[in-house]
Amino acid sequence: MERTRKVMSVSEAIRRFVPDRCESLAVGGMHMHNNPMALIREVIRQDKKIKRLITSPSADINADLLLGGGSVEEILTAYVGFEHLGLAPNFRRAVEKKTVKLLECDEPFLVYGFQAGAGGLPFIPYPKGLESNDLHKINPELYRFTTDPYTGEQVMTAAPIKPSVALIHCQEADPYGNAIFKGSEFTDRQMIFAAETVVLQVEKIVPNLAERYGATRVNVPGFLVSAVVEAPYGCHPTSSHTYYTYDEDHLKVYLKACKSPESLGEYLHQYVLGMAEEEYAVEIGLERLQNLTTRGVSE
Amino acid sequence: MSGKAYSTAELMACVMARHLRDREVAVMGAVSMIPMAACRLAQETHAPNLSYIAGGSGAVNPHLEPLVFSSCDAENLRADAVLALPDVILLEGHGKRFDVFFGGGLQIDKYGNCNLVCIGDWHHPVLKGPGTVGLPFLPRAGRAVIYTTSHNARTFVEKVDFNSGPGFLDGPESWARQGLPGQGPSLVVTPLCALDFDEISKVMRLKSLHPGVRREQVAENTGFELVIPVEVPVTPEPTPSELAILRRVDPTGVARNLV
Amino acid sequence: MERTRKVMSVSEAIRRFVPDRCESLAVGGMHMHNNPMALIREVIRQDKKIKRLITSPSADINADLLLGGGSVEEILTAYVGFEHLGLAPNFRRAVEKKTVKLLECDEPFLVYGFQAGAGGLPFIPYPKGLESNDLHKINPELYRFTTDPYTGEQVMTAAPIKPSVALIHCQEADPYGNAIFKGSEFTDRQMIFAAETVVLQVEKIVPNLAERYGATRVNVPGFLVSAVVEAPYGCHPTSSHTYYTYDEDHLKVYLKACKSPESLGEYLHQYVLGMAEEEYAVEIGLERLQNLTTRGVSE
Amino acid sequence: MSGKAYSTAELMACVMARHLRDREVAVMGAVSMIPMAACRLAQETHAPNLSYIAGGSGAVNPHLEPLVFSSCDAENLRADAVLALPDVILLEGHGKRFDVFFGGGLQIDKYGNCNLVCIGDWHHPVLKGPGTVGLPFLPRAGRAVIYTTSHNARTFVEKVDFNSGPGFLDGPESWARQGLPGQGPSLVVTPLCALDFDEISKVMRLKSLHPGVRREQVAENTGFELVIPVEVPVTPEPTPSELAILRRVDPTGVARNLV
């Protein structure tokens, strides 16, 4: 018998693995790096409804575009912003106008939560002192308290997070979903471990991945991955570590477009709704993409 | 800062660098171009055994040259080592791993509490901030170093609307009651001055005025009553060798041109 | 100013960083792999008293030799054995004769415990069902119960583990303690994160480690490491992943020697007490060591 | 097993391999040469999408060729991927990641509970076993497959002296009360026979007799009353193609020569 390849087109992957009403969708990437934008644009194209959007500790256009162009009921996040480029326009508007329910948390809530979700742990208790900020006051459903059985003290807890689907970018994968992060992992590998279903987008499918890099570097096991989508430049306008850097000019175009519903509609038409994902790179311009070079890390 | 041989951001980097000690470990999050420059500067001057971690990238001792905008950038991975982010978070919780944690906020109050969550009531915000990320770990760090590029009364407030990055909480009693592993906020660096905290009252105190800045100017731009000692020294200017290092680390002015 | 190198001899490292009465000593390595034997032999040579010995989830000669030749009051472990070569003679004898206090636990108790110790977490709650074995009944000090604040159910907990000192083998390190595992990490990296003080033994010091392998592969940060000891073949008779395999014949010699106090005494004299660690490889025989080749992993 | 074209260990590997299904994920600990051979055999026959993890090494789908003794051996790292051990432990706790968990013990009782801790009272053991390592995770796996190379009344006991690897606990009621994610023990493989568990009583049941073994022989060597159906089939012998695969995977007889 033959081993089954998991390689498919972006449209097939999203159609098959993201339900029309997705209970919880985790999107990988951190700040303007490794955002799985090809998958996210396709989620908007296919008009999927997202009950709960879950981000890494620092989301960027991955969450903001979904809030602007998609259908998101609530968002669990510790940060949505554009780092030195400023605030996240659709996130800010949606929260201020209450068109999205905000489940605001801190970075450890997500990191501990993914850990607990991946490991079947009922919760993770916080280190002492992390209850001294105000987050638990607004989120008594998320943040709770229990007794430390070793000291008798009250400790705050983070709840397990088990996304129904995680959309993640890895630099390279083999056809069976074994994959590699060539730069930072952020919390993306944790999301893979915690999610019920994982859709990977990669810059390149490398059939002999483990042989090429050594199996010890391949730390995403294929059995956790349902689909592998080859999407070169699929993180644009964010970076793909070691492949290309973020497109600051395009991010500024996006931020400007978000200033009014009309210009946001035009942006969405031009880069998302009006084309198949496979045409995106051409729309951006191949030469422009090739110029997004990194100085390169010592790999 | 026209007419000067250095920018205000460079002066701020020098103030931070001089605060760091040899063998310490520092950590910082997003939008940390000045702290990163400061760490490299400290390593190249008095603290060769300083270690620092560049935010979400997990890079330990990024070599910079050149400094880039994003703390999660792959450029930071030219480094001594790289940790996965969950490992960095683990270390942040430990309580004795990080001597210095760089923080900041849309609002900073007199006890050094920071707010990155919202202006106004959380349920009806006037302005929704980006979110607090790792600032809740501040009370687990040895010392918090707070910085901002905007020293005005909107940023420096009597009490933060939302405490997302705890400083001395509601003051000395509430801080003492917690019995936390760290020493709390120890330094605040702004375009106008450096500040520390009164040992007893835990209220922010003017420590040094940047060259050309008057104490009244600081008081006017601060929304609460600072502790102002009788004698307030002038922040020592960057030395030529400090400036040379900063400009090697940051040749394109990523940090330099911020303020 | 110059950066301080952490490179020193095995005797200096143990003298400086292992107290004469060590509150808790964690020894790395799993089964017959990556045991930091050069450091462990030196601990015996310098006659250090160990209040609590802490092992990886599967200890081997690292623990058994300390129990046979050293001074250990109690041991926290989930397994001491020699895999297909049989039971651990000194461990078995010490427990059956009660010359050591056994704190018997399971693998997750150690893994969760190191995690909690590293992260300042007050404890880790177990997944449901792991309380259905008998371990918590004999160890009510270690295993406790608290309330899951999300479900109201009782859950079993693992306590944080913070070894005073961890002795760990990495394949390579730079002079500042940044280090790399070239094969499996086992729980050694967790021990490094959880311990107060870490002494590393390595096959080779590589000054430009990050440049050579890429910094993303260097996942032991030097700031957690107090001393770096270059000890080629320092894991013998266990393996060092990718460097050499275990010496099955020597392990059998050891197991046979442990049958009586006299023969164990002779073994200890011949391989531990009667020489400096630097002479060990010569005593074993360099040609013999060089023949312990692995078929090699795809690195 | 003189005179046969295969060893008992090879037959055991075939029984295990046939139990594994395509797309499943299996995990095993130390001294797992037969289960590892079984997994590779299953991959090469009916289950090309089976994944398996070799114990502490963290190797996912080690290629073997050749199979080695130690599950933590670096030789296993010629594989599809490698996880750090804490990640494997995390997945073991999840409850839906591993379909099959291979276990065993110094003692195995009628409800499939395993004991690797001690013979006799824990406080005054007759024999101190090595310890239980990861066996407490058995109740979080889809199915437990138990194996032993010694089928005798010392190993197969009415009730384990120490339950370190839970099977159906004290029987159907106590098992049902737990409401665990897995299905409990599903197969036991010994040098004499294969066994499963009665659906109602949860007591171990003779499933098939290896060629040449009599049911009385199994009963005599089992320290409790097995469920023995009227008809007990003979375990199908390894086919030539199964044997060919096993010998390619294990050319030096690491598993083959065990029994």
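Read from first to last, the chains carry the letters A, B, C and D; within each, the first residue is number 1.
In the analysis below, contacts are C-beta pairs under 8 Å (C-beta built on N, C-alpha and C of every residue); 3 or more make two chains touch, one makes a residue touch a chain.
Owing to the predicted nature of the structure, the values given are computational and were not obtained by experimental measurement.
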item: Each chain counted as touching chain A and chain C at once; value: B, D
item: Whole-Å separation of chain centres (CA-atom averages), chain B against chain D; value: 56
item: Distance between chain centroids, defined by C-alpha means - chain A, chain D (Å); value: 39
item: For chain A paired with chain B, centre-to-centre distance based on mean C-alpha positions, whole Å; value: 28
item: Multi-partner residues of chain B (each touching 2 or more other chains); value: 59, 77-78, 82, 84, 89, 93-95, 140, 181
item: Residues within chain A bordering two or more other chains; value: 115, 119-121, 126-128, 183-184, 210, 214-216, 297-298
item: Touch-based graph of the chains, sorted into line, ring, star, complete or other; value: other
item: Contacting chain pairs - touch in the sense defined above; value: A-B, A-C, A-D, B-C, C-D
item: Interface residues, chain A side, partner chain B - complex; value: 30-33, 57-58, 77-81, 83-84, 87-88, 91-92, 95-96, 104, 106-108, 111-112, 114-115, 126-130, 132-135, 138, 183-187, 189-190, 239, 241-242, 245-246, 294-295, 297-298
item: Touching residues on chain C, where the partner in the complex is chain B; value: 1-4, 115, 118-121, 174, 176, 178, 193, 210, 214-216, 218-224
item: Residues of chain B defined as touching chain C within the complex; value: 22, 25, 45-49, 51, 59-60, 77-84, 87, 89-91, 93-95, 97, 140, 181
item: Touching residues (chain side chain A, partner chain C) in the complex; value: 119-128, 144-151, 153, 155, 157, 159, 181-184, 210-211, 214-217, 297-299
item: Of all residues in chain D, those that touch chain C in their complex; value: 30-31, 33, 56-59, 66, 69-75, 77-78, 82, 84-86, 89, 92-95, 116-117, 122-123, 125, 127-137, 139-140, 162-166, 169, 178, 180-182
